[in-house]
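Listed next: structures, encoded as structure tokens.
In what comes next, chain A is part of two complexes: it sits with chain B in the first one and with chain C in the second one.
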Partner chain A sequence: MKTVTLTMKNKPELILECNNVTPDAFAGKSLADIGRLEVYEGKFRAPLADYFEIAGEAGETAADTRIVMKGDCKRVKRIGQKMTAGEIEIEGDADMYIGGWMEGGRIHVKGNVDAFCGMAMKGGELLVDGDAGNYLGAAYRGDWRGMQGGLIRVKGNTGNDTATFINGGTIIVEGNAFIHVSTHGEGGTVVIKGDVEGRVGGQMVKGDVYVFGNIQYMLPGFKYMEDVEKEIDGTKATFAHYIGDLGERHPTSRGQTVYANLYVKA
Partner chain B sequence: MGEYLIKNGFVFDPVQGINGDKSDVALKDGKIVETTALSSGATVIDASGMTVMAGGVDIHSHVAGAKVDVGRLLRPEDKLFKSPKKTGKVSRVEMGYSVPTTFKTGYDYTRMGYSFVMEAAMPPLEAPHTHEEMRDTPIIDMAAMPVYGNNWFMLEYLKNGEIENNAAYSAWLMTATKGFAIKVVNPGGTEAWGWGLNCTTIHDPVPYFDITPAEIIKGLIETNEYLRLPHSIHLHPNNLGNPGNYETTLETLRLAEGYSPKSDFGREQVLHNTHLQFHSYGGDSWGNFESKAKEVMDYVNQQKNLTIDLGCVTLDETTTMTADGPFEHHLNGLNHLKWANTDVELETAAGVVPYVYGKNVKVCDIQWAIGLEIALFAKDMMRTFLTTDHPNAGPFFRYPRIIKWLMSKQSRDELLHSFKWADRVIAATNLESIDREMTFNEIAQMTRAGPAKALGIAHMYGSLKPGMNGNVAVYNINPEHMPADPDEIEKAFLRAAYVFKDGVMVSRDGEILATPPKLALWVNAKVPENAQVRRDIYEKFRKYYSVNLENYPVRDELAPNQRVIELDITA
Partner chain C sequence: MAKVITGVGCPYCGASCDDIEVTVSDDGTKVLEVKNACAIGNQVFHHASTPGRITSPRLRQPDGTYKEISYEEAIDRAARILVNAKKPLIYGFGSTNCEGMSAAGRVAEKAGAVLDNCASICHGSSFLAIFDNGYPSCTLGEVKNRADVIVYWASNPAHAHPRHMSRYSIFPRGFFTGKGHMGRKIICIDPRVTDTARVADIHLQVQQGHDYELFNAFRTVLHGGDIPDMVAGIPKEKILEAAGIMKKARFGTVFYGMGLCHSDGRNHNVDIAISMTRDLNEFTKWTIMAMRGHYNIAGPGVVWSWQFGFPYCIDMTKRDLVHMNPGETSSVDLAMRDEVDAFVNIGTDAGAHFPIPAVQHLKKHPWITIDPNICMASEISDLHIPVAVVGVETGGVVYRMDNVPIQFKKVVEPAGGILTDEELFDKIYERMCELDQEA
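Up next is the complex of A and B:
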């Protein structure tokens, strides 16, 4: 695997939109061509090289290309958007939409990210060592097609509206989440290792949510069934199993009504 | 304003009986003129090897007003990754897909060579905003049809058989809203929706008003002919979208028997049935859902006083929007996506639901086939118009694709056989057995001459006769050497080589070159003074409306370029 290193040299005054920073866009290009890729600072278009020092070499294919981002990328958005293969490593913080609509490959952010990361993800892996903002792994505003596949792991905390309209894939938050988890969910798995303030699984039709800590305010649409033993992400524990959201329509499969499952560590 | 001579194209003008002859079209002072009227300084456009038609006329499309805006608000995702960057020098940013912005709407219609679009449903109370949006839709001339079919005044007048009073009210409403024609959506059913009910047959009484859809439809035909309006009533019948509804449709169409048109604008119909595709369904469930296009068209073909438009399903992700409130609620129960509903006081309602017509969903494929069958079974293309009921059955920029399917059996067969449930779709439809391929002349009838005549605007639009508005489309397709690949047909009609609007070259190969002023057409019908109706209007506004009577009409500044069609039935 070949590596291209981008080092921030001119910090943008506005937010920088870097949807062209993907292994797919870099693959097979010379450093000069990579430098000419278009980015937006607000409404102004500019070449990537205006902001970053570009070094190293891109692979022939996306799968063979690794991008390392150094320097202050706290105001850089959309890195890895729609990427299908390869790797991106961001050494510090990054802004919104990191790994949005991603289909494959791997993104590792060593710092924090802002909102909308892993949005409507279809495949691949997004790993965040710090915290994530709101709408982690959620659907785009208005869309009913949320996360469909892949893995998002956040080692810190996340904000509101995690996994809205989740349809597939897995989101693991090792810290706490605030309100709205898996709202409108219709598949997939969400694991919160810490506490959740509330509103878990509102209007959820299908799919699983695991909470290792407390849910401070439980939704009334969930009904306790029984205690179950489960191994989740390498940890064995006993969970109280709830089904819901009983206020919502539910599909049937082989004559059985399908509910969303909420497991809260007993 | 320049002069243009469009030379040596293959000209199709059904009005003049020109069927692909190589000839020249001249433009001067915004009008089509005799070629001899041009000065020597006219710009010559070489159209050799290309097809020349009058500017297109769309009889039914939801492009402006309250429910389009609800669609835009409800669907931010309709713009996601589907909004082209700003390209042209004079054009503005274009956004959206099934519910595009006003700018994209105007530009895309222009690129397809259209010059007139009828906004299909204007709730009267929302007329000021509808006109404001039409004003902001560049280039194309427009008009809007106020929605009548569930209006309290109308329900009361018709219940009492007061056609003259209903006509006086309708004329007042047309003037107040700067409206063009009487639009009827699910007559009685939308009002019943206020009670949580619907009228799924033409004999279901409307709650409280105790009148049936059949009485409403007949009463409105009589009102329309009393007023001698340019267009006939424009009807979206009861029971839209349900299996087995073709019987309701046939019963509805039979209501027009015995009526003949009374209008000085050249139309021959008394009833226009819009988006007939949605009304030609057999079976009694989605399981045995099938096409009844043949049964419906056999009847339409015999009745000279009917016109129809297709409402073709294009197998896209789109946004449904209609004043048929109960239907949208029903549809939301089927697809579980989003639903918005609006109540418009004494007048109407509306619902909006996104819909994905999936290529591998049997019902969607059958709907697709029915839309095409309606056109292919039609005997008189001057009474059969191309629409998608934009955006209900598909976005309007799929018209060129429908033209491709109609002109090429190969292209529709390829798609038909690629469906996952092809065998079942073929068994439930007639499409595979139909060999007919439309000619350019028939396409010109369906997209220009026919709709212009049915709307009563054939004196301005739909033909290349000298004296007509200078609206011309030149398509880069040679009727004498049809391309082997049917996709080339779609390409040619999607981005016309040259488009002229009122004598100005507005688009070339898809690039917008100019945005000249556009017109809003409306009908001002002068009727005998009617004190009772005046009092009724005053009373209803005082008692029920949330706005004052004085604030209700469309102010002139919202329609800065008006073309008023004056009628005087007191004479």
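Up next is the complex of A and C:
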């Protein structure tokens, strides 16, 4: 695997939108060609090389290309958007839409990210060492297809609307989440290892949510069934199993009504 | 001889009353008397005739004072600011007509700006819920003629929409509602004992910020499930009683307000209200309606959806690729994150409504206020351009809260020959085209 290193040299005055920073866009290009890829600062279009020092070499294919982002990328949006293969490593913080609509490959952010990361993700892996903002792995506005596949792991906390409209894939939050987890969910798995304030599984049709910590306000539409033993992400524990949202529509399969499952660690 | 103009539209709240009678002076320049309007609407008409109106544009001087300048110079400066900015933000439109909104849309597209309206800090979360979950709504005429159960959820029309209850919901006698308020059941759901709660048959004093749980409980009951003994501070039997009344209605309407849009969860509070309305339609006819704030704040949603495909938070910086994602392209978020470098405040008061850090970020860049009045925004801006008061000094199309278009009338001539919003934006557009050609 060959590596291209982008080091921030001229920070944007406003904010930089870099939907061209993906292994797919870099693959098979010379450094000069990569430097000519367009980025947006507001309505002004500029070549990537105006903002970044570009070094290294790109692979022949996306799968063979690794991108390392150095310097202050806190105000850089859309890194790795729609990527299908390869790797991206961001050494500090990054802004919104990191790994949005991604289909494959791997993104590792060593700092924090802002909102809408992993939006409508279909595959691949997004790892965030710090915190993530709101709408992690959620759907775009008005879309009923949220996260559909892949894995998101956040080592810190997330805001609200984690996994809204999720219908596949896995999200693991090792810290706490605020409100609205898997709202409108129709599949997929969400694991919150810390606490959640409330509204877990509201309007949820199908899918699984695991909460290791405390849910401060439980929704009235979830009904306790029984205690179950489960092994989740390497941890074996007893969970209280609830089904719900009893206020939402539910499909039937082989004559049985299918509910969403909420497991809260006992 | 004073002249009486009837069938005048009121430029105050989202109820957009169109039965106002205004008496104007002989020469058609002064409002003498206003009938049928509420106390606030009455004041809007009289305000236009108040002495001391600003009639020419004002430019901030290095010493901090304002200097009067010509419209021509103001238009040139506004056009240059919009052309030169990397990401200008044009925000407001709480108090203008659809013609002005459409003209501003053309300017925003030319400028590669972000175009946003007051819904962004108001019922914008309703749009998000509607995108996600639909909008089983109706017109206010249908409410008046058919509704026998009214739910005011997190809204207080007694103060915010003073004639809403008498014109549309509680008191009027309609075609199938001949008994007026005697034939209607009113349910109010609000953490406070408001004046609306005082006229309601049932008041559920929900715990502040827990409406989502209460909606969830209503939905669970409607689906035949059991709920805990107490949800969001409301006893189970109260919820069952209210749900029973709602199920037995012939026609019901949920009017909801800022309590849902401005508490945690925002769009999801509205989202689940829409889901509950859908559930109720399994039993009888139910509809839901947002209590839109201003007389034409439904207008930009309608006009810009037609022009650009999105109702608000419209990022046109990519020119032919319009993008909308509130949370990113919404005015307060853009300002808080310091993402814009020019600001046009039109027909609203961002100086008073935005968080202080947002205003501080916006103040670092050129700030233009377009407003008939002196307001907090006009007093901190670099350029203030006065315009005619819509609904008083100029007419135009407005959309009522139920998205019904109404033609508003002009009752007096604009003070001191000032321009309308539409004329001003058209002139800014023309000047931007000229600057483009010069470049």
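Note that in this section the second predicted complex is superposed on the first by the 266 of 266 C-alpha atoms of A that agree within 3 Å, B and C clash if a C-alpha of one lies under 4 Å from a C-alpha of the other, contacts with A are read in each partner's own complex, and residues count from 1 in each chain.
One rule holds in what follows: contacts are C-beta pairs under 8 Å (C-beta built on N, C-alpha and C of every residue); 3 or more make two chains touch, one makes a residue touch a chain.
Keep in mind that what you see is a predicted model, and the values were worked out from it rather than measured.
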item	value
Fit or clash - chain C, chain B, common chain A	clash
Partner chain(s) touched by A:Phe116 [first = chain B, second = chain C, both, neither]	second
Chain B versus chain C as contact partner of A:Lys223, first or second or both or neither	second
Which of chain B and chain C A:Glu13 touches, first, second, both or neither	second
Greater residue coverage of chain A in the superposed arrangement, chain B or chain C	C
First, second, both or neither for A:Asp33, with chain B first and chain C second	neither
First (chain B), second (chain C), both or neither touched by A:Ile179	second
Chain B versus chain C as contact partner of A:Asp233, first or second or both or neither	neither
When the two complexes are fitted on chain A, the stretch of chain C hitting chain B, from 130-138, 202-210, 238-246 or 364-372	130-138
Doubly contacted residues of chain A, that is, touched by chain B and again by chain C	140-142, 144
Residue numbers on chain A that touch chain C, as the complex places them	13-15, 40-44, 96, 115-116, 134-135, 140-142, 144, 160-161, 165, 179-180, 183-184, 198-199, 202-203, 217, 219-221, 223, 245-248
Residues on chain C engaged by chain A in the complex (per definition of touch)	85-87, 112, 128, 131-132, 210, 212-213, 216-220, 222-223, 225-228, 231, 264-265, 268, 271-272, 275, 279, 317-319, 324-328, 337-341
Residue numbers on chain B that touch chain A, as the complex places them	74-78, 80, 336-338, 354
Partner chain B, residues of chain A touching it in the complex	140-144, 249
